[in-house]
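Which chain is which? They are A, B, C and D, in the order written, and residues in each are numbered from 1.
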Amino acid sequence: MMDESNPYLPYIVNIEDAWYETPIGDRAVKTFKVNFTDDKVWDTWSHKPGNCAMVGRLGIGESMFCISSSPTEEGYLRFSIMQAGKVTSALHDLEAGDTLTVRGPLGNSFPMEEWEGKNIVSIGGGIGQAPLRPVINYVRANKDKYGKLSVLYGARTSDLHCFKSEFQEYQEEGTECHLAIDIEEEGWKNFVGFVPDLLLDVAPSPENTIAVTCGPPILIKFVTQGLEKLGFTADQIYTTLEERMKCGIGKCGRCNVGSLYVCKDGPVFSYATLKEIPEAFA
Amino acid sequence: MGDYKFAKDKLAEVVGALKDYEVFAPTAVGDVLRFKQVEDASGVSLDYKNTNVPPKELMFPETETLFKFRVGQTEIEPAVPDESSKRLVFGIRPCDAMAYTIVEKLYSWDYPDPYFEGRRSSSVLFGLACSEPVPNCFCTSMGGGPGSEQGLDALMFDLGETVYVKTLTDAGEEAAKAMGLEAAGDAEKKAAAAQEKEAQGKIKRTLDTEGIPEKLPSLYDHPFWEEFSDRCLSCGICTFLCPTCHCFDIQDETEVFNGRRARMWDTCMFPEYSLHTSGHNPRPTRKERTRNRISHKYSYFPEKFDVIACVGCGRCINYCPVNIDILDILEKSKKAEAKEAKTA
Amino acid sequence: MVDEKKLREKAKEVLARDDVRRLIGWKRGTYGYESAPVVIKDASEAEELIFDPTCVQNPASFITLEEKPPVPRGQEPDTRKVAVMVKGCDSRAVVQQLVEKAYPRDGVIVLGVPCTGVVDRRKAQKMFGDTSEPVLIKEEGDKFVFTIDGETKEGPRAELLADKCVRCRFPNPLVYDELVADEVAVWGADEFTDVDEFEKKSPEEKWKFWEEQFSKCIRCYSCRNVCPMCYCLECVVTKQRPQWTRRSTDVSENTAYHIQRAWHLSGRCIECGECERVCPVDIPIMTLNRKMTRDVKEMFSFEPGIDVEAEPLLSCYNPQDPEEYIM
Amino acid sequence: MSEEFEPNIVAFLCNWCSYAGADLAGTSRMHYLPNIKIIRVMCSGRVNPLFLVNALQQGADGVLISGCHPGDCHYLEGNFYARRRFMLMRKLLEHVGVDPGRVNMSWVSASEGAKFKEVIDETVAKAKEAGPMEQFRRRQLNW
């Protein structure tokens, strides 16, 4: 946990490695593998799949990102960040050897213990795979505790697929893995179409299964509809939300959807909760 | 606790005796009253209705430094307020003191906020009961009142020639001792009680909050919000001047080699408050923002913290340049038919 | 004197038209000396409309305040007109908005309301005190007659008029489709004596004055938002990349904000005085605007908000423009 | 003011005339005062008057905009627009109490190295007389 006496003070981390997941340019995704400059932080640090952290640069500011590495990956944290605004652009300028600030872990997490013994379906789109990656890796590392793992993922083009090499790994391990692109491409042998269509195509069985989804709001909307069509009940569907955030600890006010703060009560919500809040899909 | 009094013409002496405290009191700049640190005790007065800017700025300043750093380096120097210095807020109105007790719930929630809490815990609140409420006061409807003691360490009653001081906590007692006050008798107590009763009678505006927190979420899509949001300027007056509004923005500022991370008041009425980097805004128009402001105060906040985030100080009504009247909104919300009812 | 019955009839007539989306006017406030601006979408609500010396707000502000969210796919944008009631001063805002092509002329229906002056809330409060009931105000000769909490009180018109009304040169709307009452005689003149008076101060005195004023500012941006001429989609003050003005409040940033605001209104301010009226901390914002208005008039013989055909001051030039200080 | 005070002047020079004029002053080995920090812009018409305010906030004691003579603008009319804006901004700054000597504009052509030197000398002299510009300066980070 963070400095109990002052939750606004960040940790300083070293970038051990940084690479682009998608071609360099506007809205590119870059992954940072970081480690605390002070090794002792690890003694108190503990995060779970779904937790977020404020990542930033001193003098620029900080933004909320999900921790895209699973706690089972020890000795480092990973963040996959899409270049979009002031902070993300400044973060993209950084390379291995540079430092950045991390404040976390923040928010709630996926109820991994509750899900033990169940099948997990992960449905992601674009950069929305980042919060799902820790879930997948957590399940992979605790294979005996969970049922079948299936991964569904899509992006506009094959270039824009994040974590490409990892999908290969999943497949080699025997994890069911379905990839999709929106627009037809030469040499693409997998599914062509939007992720909600991929979902209906794969049609995972709802029996003893939890579906986790993340992506652009429109994807979440149609995936949840698709899942309901397939017979999933609202409490079998989980997603993570995103709002503009500044403090990350439920004080600054801006990230509320209804009476819930996404930074504190979220970012992970079951669809059963969200259904009751009209603002959740605004 | 104790009952004290002092002669009103000795006000400057009494305040001046507080040598161990940083004293804050309403200070006029032109026609505008704000709480400022007292440099000259002879300038302190009890003749005001309420400050334009609420004393929330004493605990949660307009802009405050969270920590300092040097550009290009990684050392961080926190700028947490010094808790050892004793602060005394002189003449805070009961509604504004009650607001602290509400905002405190949020600032101590989960992660305690060392900046707010630091200032709050080192502050002694000397309240001043209201004898002449402002026309749009409705504190009596919000669980407060002209002589409400919530959050206060001492409460003063201006009885004309004398000021009756009722201490409520040890800290208040200690400050009263430092002021060198004399003991008050039954005459003052009675006069104070009478004054409070009279002041209560002067409060014209009321609101029955019963059922509002439960009702508001059902009005999410209701067109009645537009009646108000259509004339909303989307400015920050209502929220910046609200004693319970607590939202802030965090910004980094640098100058050559010096840098700081600072937080400053922010308001849900600004479009950029909730604007995503992608350009998507979950609250894109004034309708959503107005709804969020009212719903947050009267529904979301009570749902989380069991208390409505409003003390009835009337500032948002008094200062709104387009007459958006929170009491009017809430009265209309009660009359508005919930959507379910309509479709059923 | 405006006949409110006629005003409401006119409003109903306009709202009944198929090509009219909404009408902006004034209704009785919930308390005190000011009316409330109101946006009416249905002819049945037109009975709320009023016009009297409490109607200080500028309805033209609300034309540009309306957000235009993206139209959902498959839906047609609503191109129906907006009807707006304007006093003389407010009509200058419409003129200037038209000059800047904020919207097309046929996008608005302007109902002109000749006005004989509105009451300054602050002046009235000082004279008669506060009240939690709406106050009725009538003009009778050189007096205003107030009905406050059921009691009738009188005050001299000259002392209660808003500053802008004291020097009003345009009591009759400059642009309108219809007038709801007969035109009134002009009573005011503007010699900019207040600006001259201020300019007698030394630079040190001026800064001392402004430093105190700007340090009060809480940056609520009500002066910007209420301004009918401040309708940029993204204001330079809130822009993050690049960030010209920081969000933190202190004298430096507040000064920068106020200079930017005044600068962006030079040659555009139509002197409706709304910025100064709305300020919760009483910053005399019009003192800046009036200086610019005076200088624009002197240097470039230009007055904004008079002529719909005029070119905006800073998007044109004259080769003979003054350049006395240029080395 | 103490004689030691050396003002900081931020100068926005147009690429085609004034910047070349500054160059000429240099190559002609004319000595102009080093107080000036030059920012090259493509045209004096590109100078947003808010730049001046920002420069004064960030520690400039005086500002200068310099462009081509009226009628000689590389873009035909940029300096005419600049002139209007400058005249107004100068009045506005004067109104809030800024010493008008801090806010300067000049026309310097590519051939006027000598004039450039004169302009700089005069600008610096005026700023020196006005003393350090404290009014707008950002103060919150002085530690």
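One rule holds for everything that comes next: a residue touches a chain if its C-beta (ideal position, glycine included) is under 8 Å from a C-beta of that chain, and two chains touch if they have at least 3 such contacts.
All values derive from a computational prediction rather than experimental measurement.
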Third chains touching both subunit D and subunit B: C
Centroid-based (C-alpha) most distant chain relative to subunit B: D
Separation of mean Cα positions, subunit B and subunit A [Å, integer]: 39
Gap in Å, rounded to a whole number, between the CA centres of subunit D and subunit C: 36
Distance from the mean Cα position of subunit C to that of subunit B, given in whole angstrom: 31
Subunit A-subunit C separation of Cα centroids, rounded to whole Å: 49
In subunit B, residues with contacts to at least two other chains: 63, 249, 251, 253-254, 259, 262, 266
Multi-partner residues of subunit C (each touching 2 or more other chains): 248, 250
Junction residues of subunit A, two or more chains touched: 85
Of subunit C, residues touching subunit D in the complex: 198-199, 203-211, 236, 244, 248, 250-253, 255-256, 258-260, 262-263, 266-267, 288, 291-292, 295-296, 299-300, 313-315, 317-319, 321-323, 325-327
Touching residues on subunit D, where the partner in the complex is subunit B: 58, 138, 140-143
Residues of subunit B defined as touching subunit A within the complex: 66-67, 69, 71, 74, 76, 78, 80, 106-107, 109-111, 113-115, 217, 220-221, 246-252, 254, 259, 261, 263, 266, 268, 273-278, 280, 282-283, 288, 292, 295-296, 299-301, 303-304
Residues on subunit B engaged by subunit C in the complex (per definition of touch): 29-32, 34, 52-53, 62-63, 134-136, 204-205, 226, 230-231, 233-237, 240-241, 249, 251, 253, 262, 264-267, 270, 272, 284-286, 317, 319, 321-325, 327-328
Contact set on subunit B toward subunit D in their complex: 63, 65, 68, 253-255, 258-260, 262
